[in-house]
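Both complexes below contain chain A, partnered by chain B and then by chain C.
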Partner chain A sequence: MADEAPFQFLHNEVIQYIYKSADSGETENGRNISRLENMGFRVGQGLIERLTKDTARFKDELDVMKFICKDFWTCVFKKQIDNLRTNHQGIYVLQDNKFRLLGQLSAGKQYLEQAPKYLAFTCGLVRGALSNLGVKSIVTAEVSIMPACKFQVMIQKT
Partner chain B sequence: MRLTARSRNTNMAVCIAVIAKENYPLYIRSVPTQNELKFHYTVHTSLDVVEEKISAVGKSLGDQRELYLGLLYPTEDYKLKPNILNWRTRYGYVTNSKVKFVIVVDSSNTSLRDNEIRSMFRKLHNSFTDVMCNPFHNPGDPIQSKAFDGIVSGMMVQTG
Partner chain C sequence: MADEAPFQFLHNEVIQYIYKSADSGETENGRNISRLENMGFRVGQGLIERLTKDTARFKDELDVMKFICKDFWTCVFKKQIDNLRTNHQGIYVLQDNKFRLLGQLSAGKQYLEQAPKYLAFTCGLVRGALSNLGVKSIVTAEVSIMPACKFQVMIQKT
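And then the complex of A and B:
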């Protein structure tokens, strides 16, 4: 319980920092998002290395995704993904009904346009974790009603 | 006296290598001999066996999904002692991120136990994880960590 708050505060500050430091030069939004995403990517890579240290080798892609939904999510967000869906052709949708990083934002529509910057880091986190496990992917997020959000993972076939 | 010293040595590795996901070496360290290239070759040739063992997942009857791959292959090395065959045994280990560890041990006597090798890999993996989580380390770059170096040195045959 005690370690939840620092992560949330740090995450908020990182966003603030990136957006503030960018204000002087360029105001381009996509640039900031990708900076956050890249940060998440590196963190995800390291984190998954530590988390999978004592687990058995994964059978297949689905096995990896399940690990992300359960263990990985629990480690970072103290809860599991509520719903995992797949079309068995490389697209996975991870639904979190009460995403912790959006928990502090008003549940209405008021701050909906602010949501993407609170999701970018997590997108990177998932992409980094998957890439280190040998699964190349593109991760996008969408929000329709505030604390709930969906992450779509598209596996890149090589 | 001489015998005990020798049997301790044979439990230690003569070469330890870390190989990246894309099969290029991240780290390789061997006891200083005339032909260190030989060790590179030995490690390189064991990659096929590692690959084989990884891809066998799901096909075999027993659920062999452990990270520790066990004994890979013994190689004979005529060079060191022309009369006596000097066997080198290679053990493999693969992390979930597909990074491979290979340990080559001198097995002129068969006193070493599986457990010991296992715990060596365990230590190596722990240290490797620390390296990966170091924000100054760039994943995919050769390992230059002193802590990791120290762990490896502790497992190598002490010369001199």
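And then the complex of A and C:
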């Protein structure tokens, strides 16, 4: 239970720190989101490198996504993604019914507008992990009722 | 092995972020150290609250310190403190022979001057945890050969 707590608490502090040191304007909010996303990107790159050290080569894109949903997610959030869907044309939707980084906000719709800053880091995390596996992507997140959350991964063909 | 990795990578990113956004002057370095220490303080407060939720009341100060060395340290760093010493007059020295947050720097003396910024967060972490258990303290850290590290806790009598 307390296993992922240090990470979770530190993640909250990072958000506080970044938001405290800046103005509250619209532009600045966008910049803060990018800052969090960039941090996540680099953490994702580092983590995936360590996690895939001894794994076999991935068969295809879907195989990579399954690894993200299982091993990668478990390493960071101590649970797997609950549902993975794809249109088989480069779009994947990862659904987490109880996303840990939203766990400290009240469930329901009350704090929905606070959600983006709690998701930006994780969007970067997934993008960074995929990027180090040679998959370029755009990752966005969507919440309709906390603490459930969907991450949409759009693969960028080169 | 990879269990503490998300926390460790995020911790590194936080240091990069704080140091990147500021000048490199002496005063600024001191301020960055405080920033990290403060973050650690709040994380320590949150963590200890969660960890002690179901534990019995502590007998005395030494009992509290043992909890920090075992349960608290294991929660954050996946290992216990290797050695705890005290002069029985309010000074405790916690020695970690393989401190995780120094693990990504080369062992030995080469990067010694980089060590303080990798220790500040943890000093705050211990101070925050103790503070929430009603023990006021000053926590400093000392490295002679990486990745071994000593944390000195001076209890402040009120």
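Going forward, the second predicted complex is superposed on the first by the 151 of 158 C-alpha atoms of A that agree within 3 Å, B and C clash if a C-alpha of one lies under 4 Å from a C-alpha of the other, contacts with A are read in each partner's own complex, and residues count from 1 in each chain.
Just so we're on the same page, a residue touches a chain if its C-beta (ideal position, glycine included) is under 8 Å from a C-beta of that chain, and two chains touch if they have at least 3 such contacts.
Bear in mind that the values here come from a model prediction, so they are computed numbers and not experimental data.
Within the superposed three-chain model, A:154 lies out of touch with both chain B and chain C [touch as defined at top].
Of the two partner chains placed by superposition, A:112 touches none, neither chain B nor chain C.
Shared-chain residue A:132: touches chain B; no touch with chain C.
In the overlay built on the shared chain, the residue A:3 is in contact with chain C alone; chain B does not reach it.
In the superposition on chain A, A:17 makes contact with chain C only, while chain B stays out of contact range. For chain A, the partner touching the most residues, choosing from chain B and chain C, is C. Touch criterion not met for A:93: it reaches neither chain B nor chain C. Legend: residue contacts after superposition of the two complexes on their common chain; A:57 is shown touching chain B, with no touch to chain C. Using the contact criterion defined above for the overlaid structures, shared-chain residue A:46 touches chain B and also reaches chain C. Residue overlap on chain A between the chain B contacts of one complex and the chain C contacts of the other covers 42, 46-47, 50. Of all residues in chain C, those touching chain A in their complex are 2-7, 9-14, 17-18, 21, 35, 39, 42-43, 46-47, 50-51, 75-76.
Against chain A, the residues of chain B that register as touching in their complex are 21, 54, 57-58, 65-67, 94-98, 125-126, 128-129, 132-133, 135, 139.
Note for the complex: chain A touches chain B at residues 42, 45-50, 52-53, 55-60, 132-134.
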